[in-house]
Amino acid sequence: MSAEPLLSGLPHSALDRAEPILRAGNTNCGGCGMSVGLQLLRHAIAGRPVQIVIPASCAIVAPGAFPFSAYGAPVIASTFASAAAMATGLAHAARLNGEATRVICWAGDGGTYDIGMATLSAAAERDEDLLYVCYDNEIYGNTGGQRSSATPRFAATTTTPEGKPVDKKDIIAILAAHRVPYAATLSLAHPEDAVRKFAFALAETGFRFLHLLSPCPTGWKSESADSVELVRLAVRSGLFPVLEVFGGRRTVVNVEPDFSAEALERYLALQGRFRKAPPDTGVLRAAVLARWEELRRKARDPA
Amino acid sequence: MSEELVSGNHAAALAATLAARANRGGRGFGSGVYPITPQTECVELLCRLPIEKGHVVRVESEHSAMAVCMGFSFAGARTFTASSSNGLAYMAENVFSAGLYRLPIVMMAVNRTLGPPWNIWAEHGDTLMLRDAGWIQLYCEDNQEVADTILAAYRLAEDRRILLPALVCQDAFFLSHAMARTSLPEQAAVDAFLPPLDLPHRLLPDVPRTIGGLDWPRENEVHRRELHEALARVEEVYGEVQAAFAKSFGRALADPIVPYRLDDAEIVLVSMGTTAATVRAAVDEARSRGIRAGALRVRLFRPFPERRLAAALAGRKIGVLDRDLCPGLGGILWAELRGVPGISPAQGYVAGLGGGDIRPEHVAGILDDLRARSKATEPVFVEVG
Amino acid sequence: MTGAKIIAATFARLGRHVQTFGDYAAERAGAPVRAYTRVGDAPIENRNKVYRPDHLVILDAALLDEEATAGLAAGGFILVNTPQPPEALAHRFPAFRLATVDATAIARSHDIGTRAVVIVNTTIAGAFARLLDLPLAALTAAYGDLGFSRDLPSARAAHEAVALGPAPVDSAAPAPPPRPRMSVLSLLAHREGRPTGTRTGSWRTQTPRYVTVTAPCSGACPAGNDVVGFVQAVATAGEEAAAEILGRTTPLSAVCGRVCPAPCMGSCSRAALDGAVDVRGLERHVASRASVAVRERGATPTPRRIAIVGGGPAGLSAAYELAKSGHAPTLFDAEGALGGVLHTGIPAFRLPRAPLAREIADVVALGVTTRLGKALSRREIGELPRAFDAVILALGLQKPRDLPVSGRELSGIEQGLAFLHRRNVEGGARIAGRVVVLGGGNTAIDCARSALRAGASGVTLAYRRSRAEMPAIADEVEAAEREGVAFAFLRAPVAFSGNGRVAGVVLAEVEPGPLDASGRPSPVTTDRRATLACDAVLLALGQSADDSVLPEGWTMRDGRVHAAGAPLPVFAAGDLATGEGTVAAAIGDGRRCARRAIAVLEGREEEAAPPERTVKPSEIRFHHFDRRPPTPHVPPASAAAIALAEEDAGLPDGSEAARCLSCGRCTRCDTCLVYCPDGVIARDGAGYVIDLDYCKGCGLCAAECPRGAMEMGA
């Protein structure tokens, strides 16, 4: 049996952050994966002072209008491409002033994989003292669901109505190629693992990257109640590897998938975005297995 | 006080470094820098000079350079960066952000022609493109003015009544790469002139707040009006800065607009930047021919010093010499000046696009044209290359 | 916005000029938003929002307030999406004409949107078209134009269903409240951001709640024990607390903890993961640490005297229930000791007599009068209703089934129950040579294992079905096999051979036939036969009720005795009533029978237990639980292959209880709290509290609850 209560009771212990990062009264849709991620982040932050930079995304609409804030932490909106750069300034200033502040970028896939890629890459290369979290809902959700380079193959979006013809980028491989101290993926279906990684990443110095698969019931056309189950199925099927990469070299797989066709098919069946042009599951599974072969090789044999 | 033989780029870097060090008692200094000709020498020097409690981050683009500065500034640090031309165009989104966020960032811009086709020489269109960004804009005529204006810009930008970013402009190569004797104040004098920055809306640790989220129309109209009013206060504060500057450094800081032989002038040629010196020479030459000519240099472009211009130009025949072009309209300074109430319609002249030398004979021709005119017409292109 | 577009498209189809637009901001699934449609005879140039609407459509009844109706023209329609009739709302808005339609229900029934976010705009537009008297043809065309034809049936249903309220009473609309001009905080003075206070609870179309649902084990327990309750008590509160829970329904946990076939374990959700929780072992464990039966006799203002005939599990359970609630039961049994089949039938190596005696003594100590050692005659039974307020007959199944085949008269053929009685009660019964046991139930296994202990040189058990179909407890079958009992499956006895004394059983091969009423293949006897040589045969073919014990004129109907067409206060309990044949079923029925008798005597309706929903396997989130195989029992103290003493030493401790998934019962595992995207679930007392002002009703908490202890409702 998993330890009960979950997270060993941390959420209602004195160790938890008193103020939630994402407060009630935010305007995210029900069942938003990013919201769950922000709740988990809260538990990992504990007493650390944080500053958060959020580029254009649902996440910067979520807190409501000026002067209110559904964020229970200092948050600055950056321009779409600039999260990692603006955060760089904050992080340097904190260091100049001997402050313990941890600076976090909380960006969507558009702000990470696409428009923010150069900024992200540069900050990673400079090994800035940042925790960069990409909540990846695999679309431009805030603008109504257009394809991004994180959109998976076969998914229908408003700009790929017949399904996207190419695979998504392997963002962790990109970050690992920058040899950042820490890059990891977060599964909402594995909260203990996720909170552990958040906490580890908050405590580390240098550039840390976390990739959070964030179901979007509105864009994925799924039941809001299925958001965590969708991540679980993505993990089980091998579509979303749960892993961490240390120094860009040592890869550790945290959750073993079962690679079952059942999980993959259920993952697809629970989402409307794959209904328009049902994917060739044979192609998908082959791609998953090939990717895992590469992962296993990396895990065995650090480059 | 030391006098050094430096380029306009180095004058800017040295002044910025003095300002940077002056905030060591505050929350320090930070900068994001990216090279672009003809500004590169400025950030190269900035990267070489020691700055106590300061970091210079070598970023991957102008866009990020300004974002890094915003991050530093939100944390309460003093900031500086420099750019030019296409770099400014690429940075533009974040230039606007800095203005809208009311961050007292000082940037040095070397005015250069926007490409393509590629042209690295002087033109004012790059910074004028940013005239609506909510920044203070100042245009310099020589290296000394570059150094002085950067120091003054911090004092203006960080004034509690203003709290806006400032852009200090110098002409490509004419200043940026031209060595000239330049007086630079002692650090102690700068420390006195620039007390530590205390940004009222800086990000405080652990105080929840979302900056830059959604602004409804009601909030937005008020915030934009506040920005406008803050920018409009620059002229009033400028006088105080001049007094403090003179007290600290024993030298005068040039006025927002600089008249030349204006008292009895019938015709006046208005210009910005290094062109003004040529214009002065042409005015002297015209006066020697008995023509009652005068000149006016605009240093402060934002806020636009409308009342001063009206007072200086009322009752005279006006020509405007622009080293920039708004295609479909004409020179930008000319276009702005046309709106100043109580002055005659001005005639526009566009000269020196792409960085060509505007020589005295070109200006003499312009003055002759202006004197001969009975009314203003569409802008006149003066080809100098 | 879609609704506004449909209305506009319909008017456009009718040749009118239209304009439609929404308040674009941060549209989020479920969040309130305004949209506008203008209709006119000339091109519409006013681009402002509509401040003085003629009609108003409210998609969420929670949004119907004075702010929403501000500026509405007198006599205008207000169409509200609500299951309420218009009359229920009309009094609040006397200047307007109310109309209502339950668009959410209609859209949901047409499967538009998701469970959490039902999309109602394509549906309610149909109702609005009806109010404005728009032709259906134009409406149909508009749905086609906008690509919503799939939702047209739902719109038509709303078109039909919309209810129109009374005509307005007031001729003037209330003046719209003045719009206050809010002062705006300067950007430079913005130091801290307070929570928005946006009550996102209004977005909700379904509401989570915590429920306690019957666990499959509890649902399956014939004794009616709160199985999940006692197991969880072992895990979290200790054996005493668990005994207290068991004692509510049974006094015989030491017994059931050894001999129960444990249907609870058969239905245990954990079986699909890594093996059922060892509930039987845990019940025995509890009984070994604490007395299960209550100590304090209850009180009742009207104590009744009840005769119970038969001291087996049903009678004991009835007596326990009665004494517990303050009545005065008298137990009659023909044997010199109570326990019935527990005493006479089940061997001591399976059910040691000490714990049995202790549990029986606990029942008696609660205030039960006993009359033992003498079988009541039919006449004596017939007279009991005169001496007692009620009579409970708990006689069990006393008539063993025989096997009337050739050679049955040979000596050496004996009923297994008689053999077990000799061995268990009279003591020292021996049996020699090769023994054949016929049957497949627990009695057959008990006979076979007892025969081995009574001197048999070899024992073969013949059963006409397969091993999997044996009614005997699987563990017992395995134990018998371990001890050397041979099995002959799919073999039916058709004759006995021998000369005066049995020397063999003629067994016919059986083939499985079509499924019978029990859902098992019916045994089809073939003519392929073989004789199994033996020296003795024990018949264990089942038992039936012995009707001959009922007095003249008594007939049994629905567990109650009738005479001369009228019901008597005489009830049947246990196997006599149900024929279930397990101790657990007898305990459950004994208790129910006792309650029924008291209810009849008190003139109350007999309690009918409401059917309880049990947790479905699909509601269990197995991923939440790590694999952990069942706890092994303590090895037997004796190394003998065939021990006379109890060979199963039970569980070492109560740790097995931690394997219980607690189906249908909140354990405060915090899964709901951790997964709430809005962080609006908090611990509260023994459970949780959900801040419904902010809960958006996404359903993640209920979907992720590992044990089906939450559900989404209206």
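Per-chain residue numbering starts at 1, and chain names A, B and C are given in the order in which the chains are listed.
Methods note: a residue touches a chain if its C-beta (ideal position, glycine included) is under 8 Å from a C-beta of that chain, and two chains touch if they have at least 3 such contacts.
Everything numeric in this text was worked out from a predicted model, so none of it was measured.
Interface comparison, A-B versus B-C: the higher count of C-beta contacts falls to A-B. Chain centroids computed from C-alpha atoms place A closest to the centre of all protein C-alpha atoms shown. Separation between the centroids of chain A and chain C, computed from CA atoms only, is 40 Å.
Between chain A and chain B, the centres computed from C-alpha atoms are 43 Å apart. Chain C has its Cα centroid 80 Å from the Cα centroid of chain B.
Shared contact sites, meaning residues of chain A that touch two or more other chains, fall at 61, 63-72. For chain C, the set of residues that touch two or more other chains comprises 26, 185, 190, 193.
Multi-chain contact residues of chain B (touching two or more other chains): 204, 207-211, 214, 219. Listed in rising order, the residues of chain A touching chain C in the complex are 1-2, 4-7, 9, 11-12, 20, 22-33, 35-36, 39-40, 42-43, 61, 63-72, 188-189, 191, 217-218, 221-229, 232. Here chain A touches chain B in the complex through residues 19, 49, 51, 53, 60-61, 63-79, 81-82, 84-97, 99, 101, 118-119, 121-122, 126, going by the rule given at the top.
Those residues of chain C lying in contact with chain A across their complex are 26, 28-31, 114-117, 185, 190, 193-200, 203-204, 623-626, 628, 658-659, 667-671, 673-680, 682-683, 691, 693-694, 696-700, 702-704, 712. If you check the complex, the residues on chain B that touch chain C are 101-102, 163, 200-201, 204, 207-211, 214, 218-219, 222-223, 226. Of all the residues in chain C, the ones that touch chain B in their complex are 25-26, 182, 184-193.
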